[in-house]
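Next come two complexes, and both contain subunit A; in the first it sits with subunit B, in the second with subunit C.
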Partner chain A sequence: MMNTKNVLYYGIFLASLIILPFFLNSDWVSVMTTFLIYSVVSLSQDIVLGRAGMFDMGHAIFFGLGAYSTAILNMVYGWPILATVPVAIILPIIASVLLAAPIIHLRGDYLLVTTIGFNIVFTQALKNNVFGITGGPNGIFGVEPLKIFNFSLSSQMSIYYLAFFILLLTLITIHNLETSKPGRALHYLNLDSLASECIGINTRFYRLYAFALSAALAGLAGVVFTLQFSAVSPGAFNFIQSVLFFTIVLVGGPSSIPGVLLGTFFMFVVPEMFRQFAEARYLVFGVAMILIMIWRPKGIWPVKFGKIPSYLTKE
Partner chain B sequence: MALLELDNVTKIFGGLVAVDSLSISIDKGMIYGIIGPNGAGKTTVFNCITGVYKPEKGKIIFKDKDITGFSSHKIANMGITRTFQTIRLFNEMSVAENIMSGRHFKSKQKWWHGVIHTPFYYKDERENWVKVKEYMGLFGLTHLAKMTAGSQPYGIQRKIEMARALATEPELLILDEPAAGLNDKERLELVDTIERIRDMGVTILLIEHNMDLVMNITEYISVLNFGKKIAEGKPEDIQNNPVVIEAYLGKEDEDE
Partner chain C sequence: MEIFFQQLVNGLTIGSIYALVALGYTMVYGVLKLINFAHGDLVALSAYIGLVIIMQLMGALSPTILIIATFIITIIITAIGGVVLERAAYKPLRKAPRLSAVVSALGASMIIENGIMLIWGPMPRIFPASVVPNTNYNIHGVYISLMQVLVLIISFILMVALYLFVNRTKLGTAMRACAIDQDAARLMGINVDKVIVTTFVIGSALGAVGGLFIGMYYRGIYFNMGWIYGLNAFVAAIIGGIGNIPGAMLGGMLLGIFNAFIAGYVSSSWSLALTYVLLIVIMIFRPTGILGERVAEKV
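Here is the complex of A and B:
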């Protein structure tokens, strides 16, 4: 149910991303790769936080589980990268359902504190080298590049396009979600959980569904993260990172794809543009966040509901 | 045979017995009314039937099946849907999307259709939107399809809520004070709508404060006071029942 205007906007956005690397030096290609990866994580966070309205502040766990799965299976067990991908998706799904199941009925603020707790436990476990495979505080270095049919995707350019591909996949998934029964159910239960139950929506199931789907996407982003840096370390997945993803969704616009993409851009790319101002840029940043929340409480680019098929209003 | 039966249902809040050993029996196809003064326990009865509260004692039987303690969504999926005394719509969403929520269970999309769209998805999606269109037509809401539900006047919001409940294709529709906050014109329309829903074969259970409306439209009435049923019968019998007049009608005269 995309109208022609939206198709055009997305077309321009995606086409610019495709040609962009030809105009950038490799440092900036690397920055933009990070942007693509974090966009996927933020969009996945939005499924739980924006759409289903659950205050999940431990989203870095699922991102980290994906990244570490690939790193560990490759470095410790010698798996080829491609073979690690299913694990990097399924493990976060299982973890998200196990973590969320006992806490899913909690009210917003309680859920928030619980997920922060989970995140702290997660990073501590990584730092303490659990099962002797996480590499401790320094993490794991020297992960191999992805190989597809003897092609080794080791250049920055190739990883950029890999990240682009994952973002494209995520955008398609979320568009499909938005226009389906499960996607609508998330909005309903978010806006009024009791009314949703009373018209027959199993709110518990769809809350877990939101967690599982978002964990899967975050895990996939984790794989590309590992490939981008050929390394993983606990600091990349600590609770501060979760706060960032959470903030991106709120500042950008919950449930709004362009909003979340803009939010990610402001958080990860704009600071790079103002590198020369060193720490001062973060001050500007904090102030900007405060102002946005005061003046645009629904985010920079708020979501619009009412995207319904045109034949509903005809004759 | 009764469609819905309450057998000695009791609901207690702390020390307060909100519903006290209530037994009622509702036949298929009728419009059944529950009346009583404020705080009599009417809404609590509805909350017990729809699984929002679990009664401390007693049984709720729907179509010969004991549904006591079932979760709300399960009860809804068995064929009981409701509206709320204070309207509960998905305010930020459009009128059409609100009604679409009522199609949730009837839609046969599976969890993976939230990720991948198959030919079946397109068929199912279209079928359900067409149903939404039908219900919008039935309630005269078509021209408001894209409008935000929360910004509509009460009369319209009540209609949206009823359309949403009806979109689930229930066997029993429960209306909690559907005329509250409506003006005279809207109230007349409501009577008309309720009768049309009944003619579609849906059994209706309603709580109403507006006496004219209740006496007009219902075929059978139970009167609650302090959680207890103090009378039941046809509207004309209730109107002339001295116990009811004392407990309820008398009080209303004092109030208004």
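Here is the complex of A and C:
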């Protein structure tokens, strides 16, 4: 539930994101745009990983499907970008349901490994230029900018606000999810899948629901990602990227919106800040990941659910 | 038919290497229920350590002693590395949520991988050609190199030794007990901590042998090869049934042969993708792997 304090905090956060680009040079606007896109993907990953408790390490597939649908439909079939958006949302949904349906019953680590498998097959297919439309290892270049009526959104700033807009949409979607029946169902089945089944929650349906919803959001983020670079390549959606999204959620704090945003900042923007240290930064980064997990095993900003008296939760 | 047997020999060689690395994954998973993502990078590290030792000692020692010395020193250093990894990254998280340990493992993997790159640089390194004499045996048209024979024999000996250790010794029995139920094992007076350290020592030592084989057999090593060899070996462990030691050996062999046949008969650019298709199919139809037992969920 949103109380006045939370509304105020989100208001300040969103307002500062709106004015932020006026204080940054174009390099940093670009970094922040990618930050916003990655935030959306991480928040969508959080629906599956944090809220539904399914170890999905192949989330870059849905992100990539969205990005590639836009790029392919625009470059190969000449669709305007706006017309590709519904496809870039629906295709990841269909893919997520088809991929997840046979494996949804798998326990934790097995699901993780299978999703890694899907992701590697996906990137290999992109690299091997399936159906001759994915552009092979180099990907696709020169995607048109988004045109709404006669305005062409091609400047760095306009992409930033586009990314901001989808982040806003994602936050609203997740807020609605939290306060609705599916959100509560996911929360129950995450805590205890057997017990939730006993009280009549169709766990299989809601697990697929979580996958579909998160795939839709990731696909939408993919569209903006394509627009930002006006290009797509398999490297941006490989298994290492999925590991990044997976780590962002766990480092930030599963099912905590501020946590995931903070996690994205820590895992994506902070390394950009230390760019001059080139390769050494990732070494320090690995150390930081271990230390964060040791000191804050539930993430930097763990989620708090209501107030349950401690004698009830103690085992 | 000759192609078939040639690919079978190649597949068995690669499969033995996968099996050695897979054992490290499966043993740690059995005891700690943790996917040790840093294991692959430890394997890569051992290949680099082996290369340094060979470059330092080459010429000073006779080839046989050089190979033996390289193996022993690399195994010791990698085993120490494995214990340090466990102490620093996993032990503090024994009581934390399981996914936290996964992130810690990924962090450790980043440290090792980038550490290798900082020390030895991002370019691939090449093992000298003459470490193992380049002798080929021709058996009815099928070529087997001395290196392949070495890989097959040493892997076989190590696997039998491990099997005997786990099933016939006291420490091995303790290890199996910890894999079933750590708390119960502790109540029976088993020093669980010691068992975990032993697991990491053995797993890393086998991984080191695997890493050296990769270096000597393929010759080219690169800093981020831990990911791909690690993942393949991990897939082998899963296919066999993770946590199951004979399963990891079987899975490694199957995966190696599968890879070799795909590369020989279909196309090598699809071999990685097909490996994972195989994994997905096995996960769908036999979620606990070939030799894994279906464990009823406790309520």
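The criterion applied here is as follows: the second predicted complex is superposed on the first by the 306 of 315 C-alpha atoms of A that agree within 3 Å, B and C clash if a C-alpha of one lies under 4 Å from a C-alpha of the other, contacts with A are read in each partner's own complex, and residues count from 1 in each chain.
Just so we're on the same page, contacts are C-beta pairs under 8 Å (C-beta built on N, C-alpha and C of every residue); 3 or more make two chains touch, one makes a residue touch a chain.
Quantities reported herein were computed from a predicted structural model and do not represent experimental measurements.
Judged by the touch definition given at the top, the superposed model places A:202 against subunit B, while subunit C stays out of reach. Of the two partner chains placed around the shared chain by superposition, subunit B is the only one that A:305 touches, whereas subunit C remains out of contact.
The larger set of touched subunit A residues comes from C, when the choice is between subunit B and subunit C. Once the two complexes are overlaid on the shared chain, A:125 sits against subunit C while remaining clear of subunit B. By the touch criterion defined above, A:194 reaches both subunit B and subunit C. With both structures placed on the common chain, the touch criterion links A:19 to neither subunit B nor subunit C. In the superposed pair of complexes, A:117 makes contact with subunit C only, with no contact to subunit B.
Comparing the two interfaces of subunit A, the one with subunit B and the one with subunit C have residues 194 in common. By the touch criterion given at the top, residues 173, 176-177, 179-185, 187-188, 191-192, 194-203, 209, 213, 305-306, 308-309, 311-313 of subunit A touch subunit B in their complex. The touching residues of subunit C, counted against subunit A in their complex, run 29, 33, 35, 88-89, 92-93, 96-104, 106-111, 113-115, 117-118, 122, 227, 231, 234-235, 238, 242, 269-270, 272-273, 276-277, 279-280, 283-284, 287-288, 297, 299. Within the complex, the subunit B residues that touch subunit A are 50-52, 71-73, 76-77, 81-82, 84, 88-94, 96-97, 100-102, 104-105, 107, 109, 111, 113-117, 121, 124-126, 129-130, 132-133, 136, 142-143, 145-148, 164-165, 168. Against subunit C, the residues of subunit A that register as touching in their complex are 55, 102-103, 105-110, 112-114, 116-118, 120-121, 124-125, 127-128, 194, 239-240, 243, 247, 250-251, 254, 279-280, 282-283, 285-290, 292-294, 297-298.
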